[in-house]
């Protein structure tokens, strides 16, 4: 997969559970546990540096400092046995030459910034004394404590309630404006993508199947998987039987020769099972990986809603 | 759901076969695990030793030759030398396998079973039961092993069974505590509540759901304690509780060997090695079994 | 918290009553007349009879029991038949020695067992891992007397670095006690060390897969801190349980170690007392040990809350 | 459709809060469910929405008699469930089943699918073993799993498939009422659609009654005939789905509706972002529980608890400002 | 074998060594390892031989045995005489004897009152009755006391040598009460310095000791319960002297360049007791068969692979003056054939099943004996290893069909033969087989009541042993050595057959040659 991202921009990565979204994002930080994982090939260029070529030490200086990350589940991503303050101060002192007191002041500032009332008191509390939404805000505070240039948000709102989810998305938007941070937003909820991203990357089984601007993708989705994804979202006006993608994602432990989506694809033909389609740019800044969606050939989308 | 019936393909796999296949899968997983396999081979060898001792042993285990006591390994056809009575050490270790195996397995089995049961009850029911059982366990833990053993001997008389009983009883509190801790965690799992919602009674919940999910630490703890049990047997035989001379057991050979440690270390060394090997076997097997019983472990 | 402590202390009463009764019954039940054992082989029957009388052993059992409970209520553990001294003072004289030995052994076990377990877990399936695991199995199957004699043969007899037995005394300087302490502590520490290594390993393997470890790494934390700060504290809970059990059995008297190294501790006291049928001492020590166990369990429960703020003590064990 | 199958009357659940200090009065409670009443008719689906921690699961547990209510009653087919003996309750449980929130945690990891689905049959001693095996095959078929899945373990399945296993298990005893506690919340969109379709199919086929709990309003709307909105242990609004979606009255319902993410990148949606978190049920605000986060709150809201009153049709609302907010 | 080098190792030998080593040097602390813990040193309360060894360095008795145990010598009493009816013993006391200073007295002179107090305390209050049959002690003058006996007792002087009968000051006894056992005060060469429970007892030189001035500054007794560790401690230099050396440790010490092993036949015998009243052994033929079927020679060699014991013939150790080697010949030799025949005559041609009780430390003896009984007579003697408390209970109650145990006490034969064979002792451990022979009883009584003359008494004891031999009560097994290991630099250390330790007296004065 490949994509690029400019300052202050947000890219959304969507795809079902297990489609490799988290692996991609942790790869950027060089955090794929090895063994078993390892980056086979390719490069990750951040501000001109290839992150895959950096040493562990250099990488550590970047982590949490220039690139930071918010994980999927706020309930399990904070260390339960340290106070929230401890965990924020830790990252500040790690990357900035400040003393304990200054770090503490900064931590309080951060908590205030993400909208946690009584931050002085809250600093001394443990994660389990926070609600899910507050924990996710703490995670954001940790991630933003060193003014990173890039924030990777791995499903930052999946575990949260709708109202809290709305709050968090709002907060991230605001912070992005203030801090000029670029964001990689990983989610399986297209609504979140519409809400907050400029570009979107659709992943299936570890591969990028489509990459486009958000509007473009919404109006003119090309990959059958993207169609399925769009269709199965329940909207305020959905009635009748829900369109859904039949079957289950493939087991990636097995060798699969063709297009990963072929077994579930209504449009699949023989070729799809034998040959992996490359990701090609079919129109301006719109890339798709499908044998039958090319610059000069289009599939006709059946069922669902036509978006032309 | 009868209206569905015609759509349903006939049951393809006969039931018995299926049951078997499940057991098979645990077994297969065990066999696939190389370390567990090593463990099983060790245990198998010990079982063979204990069953076929008369065939394997090179000498009668109790035949003394006082003139040739404590001879070095290899001398006069004594593979591992002789003990302080001039008895063939190899043959005694072979014969001793049986006692040591029986004591190790049954004592831990007994202590493990009772301890697990108590731990299950304490952890599951909590409250008063928990307090009573666990405080009793504290009390039992406080009892010196020797005192307990002498008392048991008095009531029940000496014998192999009482060695097992004494060591078993001494092992109860440890199991109870470990199991209780585990139960406290498992009983909060959602699938336990699901089972309750299906109308299951306590015993079904405890034995069909909580217990299987507590097995991992129980197995590990049990296999680790086998060594202790085998060694304890020697301590007990000196109190008159249990296996009496001239019957051979690893523990008693080891303990006898202690008095010749400096000049003739082979007695203590070989019996110690036998214990070590069996412990290795049990632990490897235990770890393998734990993994094999855990459907999540990929082998 | 205070409530819990108080409740546990109240719990202690029935425990002690049960323990006291059981130990009373057991000591009266086992063969061997204290008077006869005390007087030795040369005693004549009428001397033994006189001795029994003077020890109060010819009273009816229930009276002895009532006497025993009565003085127990007044905090009196009785007077030793063999030492002719109050049992409590006998215990209190030896308990610090046992405590010292156990604490040192525990420290060694922790300082080596936990790092070994951690390294084993962080390098799972490496040569290191296998080495540590095999060594830990050797550790649990190593008979203490064997290890003790070997240690002494090498370090005391061969190298002459350390004294072989005894405890030394503070009057010869602190160093004397320290040097006497080394070998018995090492011998006593092997089994707990091996246990800790195994428990730490499995518990670390669990913890290290958790999300918050990923978070810590994503912060740019050194692996060292990730493991030793973030992971370890989370892995402590099962370790504490086992630690509590190990301390309990050590304080109950590391009988073998104390015997081999002639360490003047509780273990020897109680075994001696059993062999000499010094029932009063047996009763006293068993009760004392029971109290210690309950206190250690309590301490472990309190420690749970320290390593894990989620644990709510008042709910634990009573809910 | 008109026959009432389940009735919940003024049910309350107060969890006592254990305080660790020695001298505290034990008078503190979490009012997880505070005076909730509703009825469900045969064959209908009642949706319950609300934020995390508002008492949805507790309500479900109360109905299932997994926990005892502090007061109030659950009447099922005319029987007060709380008054039943152990044995009678076991019988009643055949008719009410629950599908739990978390498909990952609600399956015993050490049981095969067959054992799991067969469990209710075993517990209630339905049929011979042979018949049970047959039944399991049928059930797996019904939920769209194949018979070769029967010998596998839960971890070998995706979330959607696991939820199917849960559903199969819940259906094993032919229940009348199925409570779905966030049964699809943990699933991916495409899987979620599969499961919802399945639920709807089954409802049609077996005339099931659902109580469908979720915090996803679109899902609830899609599946439910009537919807109850809960906030901090209380029902704040209840009505048919048209009533709730097209004419929401309670400010909280409105906030919930507006929090649903955009459905298109093309529209600009004005969202009503609530401030603050759900307050702790241990220490709920006085008066109307919602007043601290409500942009319209008046002084009256701070002191006086509003009652759940009929607004129009079947539409019940609990707000002092009923009709005043545009 | 330690025995072969015996000449240099008996009491006199040390004297020659001393000459070779040159002038004794003063100074240093001698560290002695004892194999059991001293619980209390109170003379009336102590129970173990280990404790009495410490007591002997602190206090003195009126009389003591000479180094070779051949005769009673003066100690606090300079001379004594026995009345004709043998019921009054009069002692003349040494005059320059002072107690060691303590908390309740400052080292005052010992008086006749102290002797009276101490001996009466022992005879009335001592749990172990170390002064049996003393009716009263009379202070005749400032330096003269008389002991009045209930009945004649020729063994009185032997009893008086016991550490339990040292003279102690009343103030200290009463002042310390229960604690006196940790703060013993006496008139001996060393005084209590520190009592570390279960660990060690440290003594320092007593300045006003009446005897020769000790060369040593002090003595430390260390309690080391594990025999192997004791030897290790000797080798590592933790201690200078180990007592009670057995088994492999004998060889280990002999091999070590820096160590000396001194060994001599002791006052300990081992035997198998044969139940006289119950089971197959009730029949004398069976008992004879058993005795003949045990190859004692082989057994002793097997158990004591590294030496330290010899075959025993009589129920009396050779170190006792009562020992009569002419009786050895009347003990039948090992003869399995004849044994088998006797057993058949006794009605058990195919052997029988029985039990052999033993404590853990004598399991090797039992193992070999049982094997021999099995091999030679097809008797299945199931070994019952029990700990001491149970053993003494079972045996004293006469419930053990066969048992192996040991006996050791003063050199006076009374303490062996009376204890083990007088019917009055049935019910106690000594006569656990229930031996009852009125003739033996009579002789044993006479031997202490009629005369104090050793020759006459020896004759009577000889007759007793003959009868016992005929009745087959014991199978005598081993006669154990007393073996002591020590650093080469320990000089003038006397190993005594009764394994008592005297560091300083008229015969010896231990010093360190380093």
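The letters A, B, C, D and E name the chains in turn, as written, and every chain counts its residues from 1.
What we mean here is this: contacts are C-beta pairs under 8 Å (C-beta built on N, C-alpha and C of every residue); 3 or more make two chains touch, one makes a residue touch a chain.
In this text, all values refer to a predicted model and were calculated from it rather than measured experimentally.
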| item | value |
| --- | --- |
| Touching chain A and also chain E, the following chains | C |
| Graph separation of chain C and chain E (steps between touching chains) | 1 |
| Which of A-C and A-D has more C-beta contact pairs | A-D |
| Most central chain, judged by mean C-alpha position against the global CA mean | C |
| Mean-CA-position distance for chain E and chain B (Å) | 47 |
| Chain A and chain B, separation of their C-alpha mean positions in angstrom | 50 |
| Chain D and chain E: spacing of chain centres that average the CA atoms, whole Å | 88 |
| Residues of chain A whose C-beta touches two or more other chains | none |
| Where chain B touches two or more other chains at once, by residue number | 150, 258, 261-262 |
| Two or more partner chains touched - positions in chain D | none |
| Chain C partner contacts - residues on chain E that touch it in the complex | 37, 39-40, 42, 45, 47, 127-129, 178-179, 181, 194, 196-200, 222-226, 228-230, 232-233, 235-238, 387-390, 392-394, 396, 405, 407, 409, 415, 419, 424-425, 427-430 |
| Complex interface listing, chain B residues touching chain C | 126-127, 130-131, 134-136, 138-139, 141-144, 146-148, 150-151, 154-155, 174, 177-178, 181, 184, 217, 220, 224, 227-228, 231, 254, 258, 261-262, 268, 272, 275-276, 279-280, 283 |
| Complex contacts: residues of chain B adjacent to chain E | 62, 64, 66, 69-70, 84-86, 150, 158, 237-240, 244-246, 258-264 |
| Chain C residues touching chain B - in the complex, by the definition given at the top | 11-12, 14-15, 18-19, 22-23, 26-27, 29-31, 134, 137-138, 140-143, 145-146, 149, 153, 191, 195, 198, 202, 238, 241, 245, 248-249, 252-253, 255, 270-271, 274, 282, 285-287, 289-290, 292-294, 297, 316-319 |
| List of chain D residues in touch with chain A within their complex | 51-53, 158-161, 188-194, 196-197, 200, 215-219, 221-222, 245, 255-256, 258-266, 271, 273-278 |
